[in-house]
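The following pair of complexes shares a single chain, subunit A, combined with subunit B in the former and subunit C in the latter.
This part shows the complex of A and B:
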């Protein structure tokens, strides 16, 4: 066997492990929620068991050893010997986490987790003394490994602990002799493996006159004792494969294991010694039969594993197609064809198809956020245990699908936010009791699609943001002026400033003061926004709004100083036509607009981008009211709004580097490149005429 | 001087020569990807004067440098007669806007001279070698000094 197929099988084993671990977490969560259905416990058991079986096949011994002990405890739970008390469930979750660590360690070839023993011992203590002694357990597990073998992977049987006794039935065909093989050598080789007891089975006695001297008449029944794997035995018969009937099974005869295709060939055999797989299965029906789940899994996993690179190429190609289609549309429009002409109609259909195609391609990259949320569940468990708070994580909308890259890059900021919620957001159990809340804090993790974006919320039912304290700290750190007048939203937004930390004592979890601004940056680099809402005494909520994909964007094409620019639609609140009366000067160059009582700073886009000199009059110009990431808004003056369209994002960083106020570039229908604006960044780097708070927020 | 033009071990170098105003420059042909007709570039905000902007090169964003401005001379007019030489340097593509492409010439390595050390104008840093061909002086550009990395730093 070459290296490649093995590596591939190994890779798919680890993919399967992730699925099993996910199922394990799900089932544990269900048990925690009060589901004591034996089937749910079985799901947990089977997940652990399947991982153990697979790990054995790849000789991942630490994983096997861990899984085995875990399984033993789970068996106690299954048999009712152990009760799913909250303490036990907590330990089970920890064990599941450790199991995940073990799987990852095995995959990456690193050392396994260190504290595994402690958790297992705690679990074993909870399970009580194993009623039937560990040895009995081992004996019970062996047949299970063989069940898996029947269903799927012939490689798994050798996984389990080496058998101590084997029954081998060996019946050469005539072809074996014809190809110059000698059964005696094979039998000798077999006897080298262990203690062998060989009996010759002479099937039927033909009359001497009927005996064909060139036919094969003899068969052997061999009992082999010793620490031998089924592979070793099969290896002996490697060269006679296909020219003999061969059966290898554990001694005792109940668990004859039939290697695929070799037995049901031709030869009449002594039936008593042969027990085909189909008959063996019902014999074990008393044990937990995993067949139904495996069948269900087969239906579930009608999937293809595709190299991510190929998908990305497809995404890029579709991107090109969208650009091309837009260029075509423009040419048709310029040719002055009637809108009802066949060409125009065909183009219309083409446009819809392109859009559908694009959506479908994007869907390929989309994945549910569930694995991410499960990771967060673990963070909550570990974080709450570390600081002695009682916390429950409540996930919502786990099936929400998001672009794979977005999920990957969301993991770090989300971890940070969840830790913050546990560490800073929630009060201690005592403080909660005093406030009339349940001791156990609740962190809700929510994902949903809203208006073409993904919304992810981390909500806690803690004390809320202490705004007076936040303000005090911001002043003491020189982030804002002592007399600054800030709205509640602006005070909350101070948390995102670099170097801000409300925790008076730095805990092991968070509070190093590098937290939230890093979170904000990470979210922004994904084209997202993060906002805070908080009610004193009731809790705080961090909302992350993300684009569905990183490849396309809905934008408004505007004209500024003869240039076309794209402003992301997601950042535009409203648009308005201005008269000079709406604008108030503030100093020599600064202007503000008052809209419905709010005062909004005005920036001339052409000036800010360096395309022209500051204007003396804004009469007749159009303004876009944009929402900035700190929740405040700004008005951007443009010359005209041209259209609203979906654009394909083209990175600019690699070709040129970062330009203040510009997020990326795109290609318009006429083949020209247009820049995609980043209003928040533009205002941050705007030339000086901003309010004090905006300056402070710029850091 | 350890410019790539001298590091190359072949006995002859092939150069793509082009005109900027009335001077003749050249680049190592191995770094040239293609030559394109003039396209209007989209200007970039806050970019140095020699960065003309970006153009669409078959779906990718290509920064274009006005070589004349880069060398401290008057900007290239930017009309249908001008061309953009697409060059690759260290995996990065960039366009050089020049007046016109003139020739491909093969020059014996021995005929390449390091530039004299007295020139004080901006162009001096950007020249890695000089050679005389049929009475014309051809300046060989040091692309690494001319191209975007340098432009980004300048920005």
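This part shows the complex of A and C:
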């Protein structure tokens, strides 16, 4: 047994709650979309009911009380007494949100939501007078009454709740008493395990005169309800093994071992637990004990819950394995073995296995973005209600899988972006009507895999970025010069500058001191980038591009000014060797390259990173054509390409903060540390100086 | 006639024989038991009290309780025994 089984069960209850809440949201969304199938309504009902049941077992009374009232209203919906009107559905969503708050409050031991009563009252008003579901049912939901209630309502019996009931037959032998043992202590220990219903079975007593005061003729039949394993019960009787008769089996069986000759007073009193007759087969303790429903549930959904820490440990270990394998490969190469040698072949197989292993481990960490999107749905509901706009959230690509850490750290920036879209992006319903758009604004949340990265977009069909206003504000804040000539993209990018806020009045929604600069910082710390596109009158789109994983990447190892650097393979379009003919001078200090008719700016990595002065000639040097966020490309000049390999990402953010152009670092096969570049970021802050200024030399 | 029997604080293995003897001594009397001092009601003690009540019922004597300690009542609850099981109605 683990140290604190209750804590574990409690934790798994809250995990289940999250799943149930997700199901609840899904079903409500379906109902909103016009699905009035009774089964869909049942899903909603069951989710709430299951949470109520579990909460009852843990005596989470505020949650139970809320769920009960919610459930009563849902019952009205289920019975057709109440219609799923848009108003009702809106309230149901609110109630579902509040339920989530209640669950979290119960989990974290904090206070529940304040406005719960208001929403419930509104719902109850819509539902009309309650059907006959009296307070008695709430009373049933006092702690530990869970199992009873489940049985009382077989129509919605849900296997989600943990429930176990055991029947224990215990008959001491005289030796039990003679050895100083006491049934009272054992019965007390049993009652500490759960709810007990004890019956004392005693035969017609012998006459007092004939009675041996130290003989044993009492026996007990105990029904034990609670989340208890057979081992827990056995443990109680550990010290009386061999000096008593003991039978343990699932409750509901008519235990054949009850001694006959009971007097009328020991006839069964109404037992609290009568499971359906189908379960009545008495199982002996010697047989395999039926495990509590948790195990059964695991088999149903065929998933295992694993502590994230263990997965992280596995990921780290695999990361180390990748480094180690690279070192081994290097040693083998240095040993000068023939490529066809057994060692080289074995190493190749080893590399493939390592890669497979790594992919598999990454898959464990990957999770669909759906829960994140559901959170955003709530943000949209709350934000739109707060400022009186009609907004619909349209999620796309909810099944897209992203590394769990990425999802977690994406929640805050995404929340902010969604709020922004509702608050600033969309117009008021009146303004929309004037512009010939539907009153209801649309926010699209999209996730997809694109070129080895994850792309997440927040798009609104609002008025688009008011560039004149953005420019005006930037000038008034001293962010740009009044006469600065800026492209549309550059104006849009001003939104990401620290201290920029387009809302002239700070609204309750967006004015939280968190600007888009913080969003960008959060995304950058994930190795991602955020960009804006906007069409006046048609809307704006914020795109976040993220790495699939934060653990490894495929990189190209290049040499620049004697340094080894890694460029992510996903950002390289092609590589080429330059001739002087390809290069054109542009202005006093910069070059461009013409490639198949296209003109691409040239950047010298060595210069941009501060390793050396611009070179006088690029004849014969290698360039990497890298794709940038906005779809354009740039050419990075390097001295040589060394190899292409998988590298383990070691973050630098914690130690150094954001370094322009550098995403992270890695350890190469020879143990050397190399920087991993972020070409798009590098180009953004690049000088573009590729031409040596001869003046200094001529001096 | 009616007799009063005061129970010992601990009705365990050691108390079983003395209690048996005391109950036998009052056989044939209406019995009023004082369980006010009982701190521990062992199962052997319970057996004897059950047998006494049963004997009383069969022979038509009353067995009742004058006082009961909380520990005594708590033990009965754990044993799944009610007070009625330990009492016998008054002589008809």
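Throughout what follows, the second predicted complex is superposed on the first by the 416 of 699 C-alpha atoms of A that agree within 3 Å, B and C clash if a C-alpha of one lies under 4 Å from a C-alpha of the other, contacts with A are read in each partner's own complex, and residues count from 1 in each chain.
By definition in this document, a contact is a pair of C-beta atoms (placed from the backbone, for glycine too) under 8 Å apart; a residue touches a chain by one contact, two chains touch by 3 or more.
What you see is a predicted model; the values in this text were computed from it and never measured.
J.: Contacts for A:191 in the overlay, against subunit B (first) and subunit C (second): which applies, first, second, both or neither?
T.: In the superposed model, A:191 contacts subunit C only, not subunit B.
J.: Quick check on the superposed pair: does A:581 touch subunit B, subunit C, both, or neither? Answer first, second, both or neither.
T.: In the superposed model, A:581 contacts neither subunit B nor subunit C.
J.: Could you say whether A:334 touches subunit B, subunit C, both of them, or neither, answering first, second, both or neither?
T.: Once the two structures are laid over each other on A, A:334 reaches no partner at all.
J.: Considering only touches as defined above, state whether A:209 meets subunit B (first), subunit C (second), both or neither.
T.: second
J.: In the overlaid three-chain picture, which partner chain does A:672 touch, first (subunit B) or second (subunit C), both, or neither?
T.: first
J.: Quick one: is A:652 in contact with subunit B, with subunit C, with both, or with neither? Answer first, second, both or neither.
T.: first
J.: Check the residue A:238 against both partner chains and state whether it touches subunit B (first), subunit C (second), both, or neither.
T.: After superposing on A, A:238 lies clear of both subunit B and subunit C.
J.: Any idea which subunit B residues touch subunit A in the complex?
T.: It is residues 40-47, 51, 53-56, 59-63, 92-94, 148, 151-152, 155 of subunit B that touch subunit A.
J.: In the complex of these two chains, what residues of subunit C are touching subunit A?
T.: So the residues of subunit C in touch with subunit A come to 12-13, 16-17, 19-20, 23-24, 27, 40-44, 46-48, 50-52, 54-55, 75, 78-82, 84-85.
J.: For subunit A, which residues count as touching subunit C in their complex?
T.: That would be residues 172, 177-178, 180, 182-184, 187-188, 191, 197-200, 202, 204-209, 211, 213-214, 216-218, 220, 222, 263, 265 of subunit A.
J.: In the complex, go through subunit A and note every residue touching subunit B.
T.: Per the stated touch rule, the residues are 319-320, 323, 563, 608-611, 650-652, 654-657, 659-662, 665, 667, 671-675.
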